[in-house]
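Take a look at these structures.
Both complexes shown next keep chain A, but they swap its partner, so chain B is in the first and chain C is in the second.
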Partner chain A sequence: MMDPAEVEFLAEKELVTIVPNFSHNKLYLISGDIGPFNPGLPLDVPLWLAVNLKQRQKCRIQPPEWMDVETLEAKKQEEKDSAVFESVMNPHFMEISKLLLTHAADDITNADEVHALIKDLWDIRAAKLRQSLDNLSLMEINTIRPFLTQALDNMHTLKMNSM
Partner chain B sequence: MAALDESYDEEHEGSEDEVEMTAAEALSKLEEAWLNEKFAPDLLETKADLVDCMLEQIQQMEDNLKRCKKGDMRILIHKMEIDRIRFVISSYLRLRLEKIEKFHEEILHRESGRKEEDPLLLSEQELSFAKEYSQSVKEHAKVLVLNHLPQNFQKLDREKTAPKPDLDQHVFLKANRNQDQVLIEPELEDDPSAEVVDLVKDSQYIMRFRPLVPLVTDGAVSLI
Partner chain C sequence: MLINDIRLQFYDKIIHKRVLLLVSHDVDALCACKILQALFHCDHIQYTIVAVAGKQDLERAFLEHSEQLEFVVMINCGGNIDLIELLQPEENVVFYICDSHRPIHLNNVFNDSQVKMLVNSGDEFNLPAYEDVIRNEESDEDDSGNESDEPSGKRRRFDEATLERKMEKRRKRREWEQNKERIMYDYDEFSFYGTAASLVMYDLAWKLSKDTNDLLWWAITGLTSQLIAKRIDREKYVSDVTELNRHVSRHNHRGNEDECPLSVNSMKISFVPELQLTLYKHWSLFESLRHSAYTACTLKLWTLKGQKKLNEFLADMGLPLAQSKQKFSAMDVEFKDNVKDWLETSAKKFGLDNISVPSFQVQFGFKHKYCALDVAFAVDALLESVNTSKSAEERFMEALDCLSRTYIDKLEDGLDLCKQQMMGVVNQVQSLLDMKKVVSAGPFLYAFVPDGTPGSKFFSRPNCLMTLGRFTLEAYVKLYNRRKARNLPLVVTAPLDFENGTSLVVGIPPLPELEQASRNFFGKAFEQAAEKTGSRTLHDNFEPSVVIMRTEDRSKFFDALISLLQ
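Our next item is the complex of A and B:
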């Protein structure tokens, strides 16, 4: 079983765009190069770094395009109208939204509405979980993991015993 | 060796490894091994080479950071990254130790039957841990119970008593490439009604671990 914090840890590798207010040369991280940083010039950095810089008031975060009321409303409608799982904007949409809404709410237009829409989307998908697996995000899989795997384990035992 | 203002990507190329790999690639391979190990009911092949490679990278990075001036903003950022990598390494090693403790008898038995050309199941340190652990458990069982039983009950039969991993557990997986005609009921090999599935790249599935073992080993699927 995976701890939700570990799923969040994986999501923190996703790239987001920030607008730094400082300048610095390229950083040579083990996981790859980042930068250079120039005041006012947007660039992509991993989420963990974006949140840290934001906390230290060294940047503004440009929320991903999908984190917008209109897009999310369309997405929510699409999900509602469909019997299966629609593809999501980003496989880690839930974790990214949570991190950005917690640490950079002031950078997100209509943060409250965005928050409500993301929650609706999550709820609609959670209700569908009893059906198919494609397009599911890791956080979603994690919520049904023990139930689904154990049920199938038991069915396999029953099947083998009846043969 | 390398200074902080050199790319780690270029620097690691040409190491003693057979396959040339950048530090970033090694890291993502290790992260994948971590997740596979986390979700597999059985102990997978050791990826000690990746762990060693990352530890070396961390060591180098820390040496470089020592030479940085106080207040250099790079220190904090590099330290955060190092912490993230350390977390993956320790979680990976801990997961393996947990499985080794649980299945020590079975794993040592498998290790002793391993041929020279087979891939390593345990790292050197894991092997000596498994042996010591197994020795202690046996000693403990002897002193506490077995010595007090009648002579003919004093032996422990590995086949009957040692816990074995349950390969029939179901796991979630994601296909890394298209894979046709995967036999998912190996017990029914000769039966024409045995079920086969075609795995489609990037699709997600849930199925029994047993038939997936070779696919996990060669990276055709990742456990999620």
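Our next item is the complex of A and C:
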């Protein structure tokens, strides 16, 4: 089980485009090289760095392409019309938008609408997830029961061991 | 030394170093501290914040921390005292002082290596010339050297010329000393305030291009607190507001508002003329009118006639009494929207010409909308809270917290506290006037807040006592309308600590001066009166017109004050 903070941590590796307002040489990090930074020249950096620089007033963040009202509305409609899960713009769309909307709301056009649309999309997908568990027949439940109970057992032992 | 280029001479020097931040207990200092903190966070500068309430605190804080640090930043403290003399620092320690107290101590101005004053380049200081107040050491030595030469000089018979030269020198020196005394007296006579520390700090942030709406809002709050504490006159306030308004429009009007509206959660600041009524948006209009110094004193609410006049005023506005006693936020929308215009029109008929001041309001989210005056009041109330379970540091931290958006609930507590404080002040003014406790001593008026009255606990805090003093003086002058009283200052004392037998004394300058430059001569007067009588006083506060005194020394202190001011 991962808690939301851990998932967010993984999402922070995603690249976003920023426009820095300072100059700095290339940064050599274990995960790869970043930079060089030149004022006014856009470049791709991991999300964690973008948020940190934004908090320190050192850059402007260019929101990802999918983060605009039209794309999101289309996506929402698609998701609504389809019975199964549609592919999303980015596997971490929820985490990325959450981070960008809290720290860089002023860089996102129509931030409030974007916020609402992302939330809608999330709700639709969550509803689908829940719905799929309804209306199961006894046989169907039985086929997945061994898997579920065993998984729960395993989790219990793991928890006991870690304590 | 005065520093004008704050970025080059201050910020670039302390970057990547560890800094000690000493912050005094007032709203302007808190706001400046917030701005500086934001800058420090941006550049990863390590700092230690220590709240200092007075000179003793300052000494203690410096002693505790001085070993590890070379750079000390002081906000709204230290400018008007001789720091090197008081703290005896090591030679490598540098003080950066951003203080709105004036006059600046001359030793701080003329110390080039260790004391750097961060000031607004537009301010005028009327500093005396260096050679007029500080005599060169060399010429002194020369002088004393001559004196020790005297016996050997005697041996020579024809030294009339030398003698004459010496006489000439002494005469010159005496003249110089007299001149110096006169200059120093002129320079030191009045204490007053310069540009708010928060404005100086905001200027720095702007030059570093790190200014945001948050920082701007703190600068606005700091400036507004100067206005409500009557530290600056209206003219200076308006000119500073105009300056800030330029930044406000730069930050808050970008592109077409309809095309890409900002998120609701982001901060929006707008320039609005605001009514000078205490917290009316968070109280009822009726209560607010009663508890604001300007309306209460002008309408003379202390008398039955005044009470009637208030009702008349409300009737003139066309506001039903029931509505005016309603919480402002629960008032009918029609009234709520128009009340500002109506009030302004009616106010003119009742002699309340200056009821509105240019100010700002801030909005973030759907719920939070505050005007600068209210925020400044609330922060001050938190700072001066009389809750005994909280230490001075806790109060300071709470007030510092409530300025940031994440702890906005604390601001609401501050608003409630402020209401209690204002009620305490108004009740006290009423009882002082009813009991005729404001007495003329000849050259000044005085009033004692008796111990044990319900509100007396509020007045153990200097700012609150000063509010009471200004309120009482204005009420007294407007009520009796004697020409003589109009130019009299007021001294108020309140019990500070009953067990130790100490009281707090503040001096309020006469009304005309209060309205213009807010120059206060009590600092020097208190000092001299205490010296003459040997009263046990403590001049600990950074504001020289606030003094702590042994209660039993009060009468001889006042006698000395009377003879001094006559």
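Quick note on the criterion: the second predicted complex is superposed on the first by the 129 of 163 C-alpha atoms of A that agree within 3 Å, B and C clash if a C-alpha of one lies under 4 Å from a C-alpha of the other, contacts with A are read in each partner's own complex, and residues count from 1 in each chain.
The rule is short, and it goes like this: contacts are C-beta pairs under 8 Å (C-beta built on N, C-alpha and C of every residue); 3 or more make two chains touch, one makes a residue touch a chain.
Because the structure is a prediction, the values reported are computed rather than measured.
Peer 1: Does chain A have more residues touched by chain B or by chain C?
Peer 2: Tallying touched residues of chain A, the top partner is B.
Peer 1: Between chain B (first) and chain C (second), which, if any, makes contact with A:V84: first, second, both or neither?
Peer 2: In the superposition, A:V84 touches no partner, neither chain B nor chain C.
Peer 1: Check whether A:A127 is in contact with chain B, with chain C, with both or with neither, and answer first, second, both or neither.
Peer 2: In the superposition, A:A127 contacts neither chain B nor chain C.
Peer 1: In the overlaid three-chain picture, which partner chain does A:F9 touch, first (chain B) or second (chain C), both, or neither?
Peer 2: The first partner, chain B, only.
Peer 1: If we overlay the two complexes on their shared chain A, which of chain B and chain C does A:L158 touch? Say first, second, both or neither.
Peer 2: neither
Peer 1: Where on chain C does chain A make contact in their complex?
Peer 2: Of all residues in chain C, those touching chain A are 41-43, 209-210, 212, 260-266.
Peer 1: Given the complex with chain A, which residues does chain B contribute to the contact?
Peer 2: Interface residues on the chain B side: 4-9, 23-24, 27-28, 38-39, 54, 57-58, 61, 73-74, 76-78, 80-82, 84-85, 87, 91, 166, 168-172, 187, 203-206, 208, 224.
Peer 1: Which chain A residues qualify as touching chain B in the complex?
Peer 2: Going through chain A, the ones touching chain B are 2, 6, 9, 12, 22, 24-33, 48-49, 52, 133-134, 136, 138, 141, 145, 148-149, 152-153, 156-157, 160.
Peer 1: Looking at the complex, which residues from chain A come into contact with chain C?
Peer 2: On the chain A side, the touching residues are 21, 55-58, 101, 105-106, 108-112, 115.
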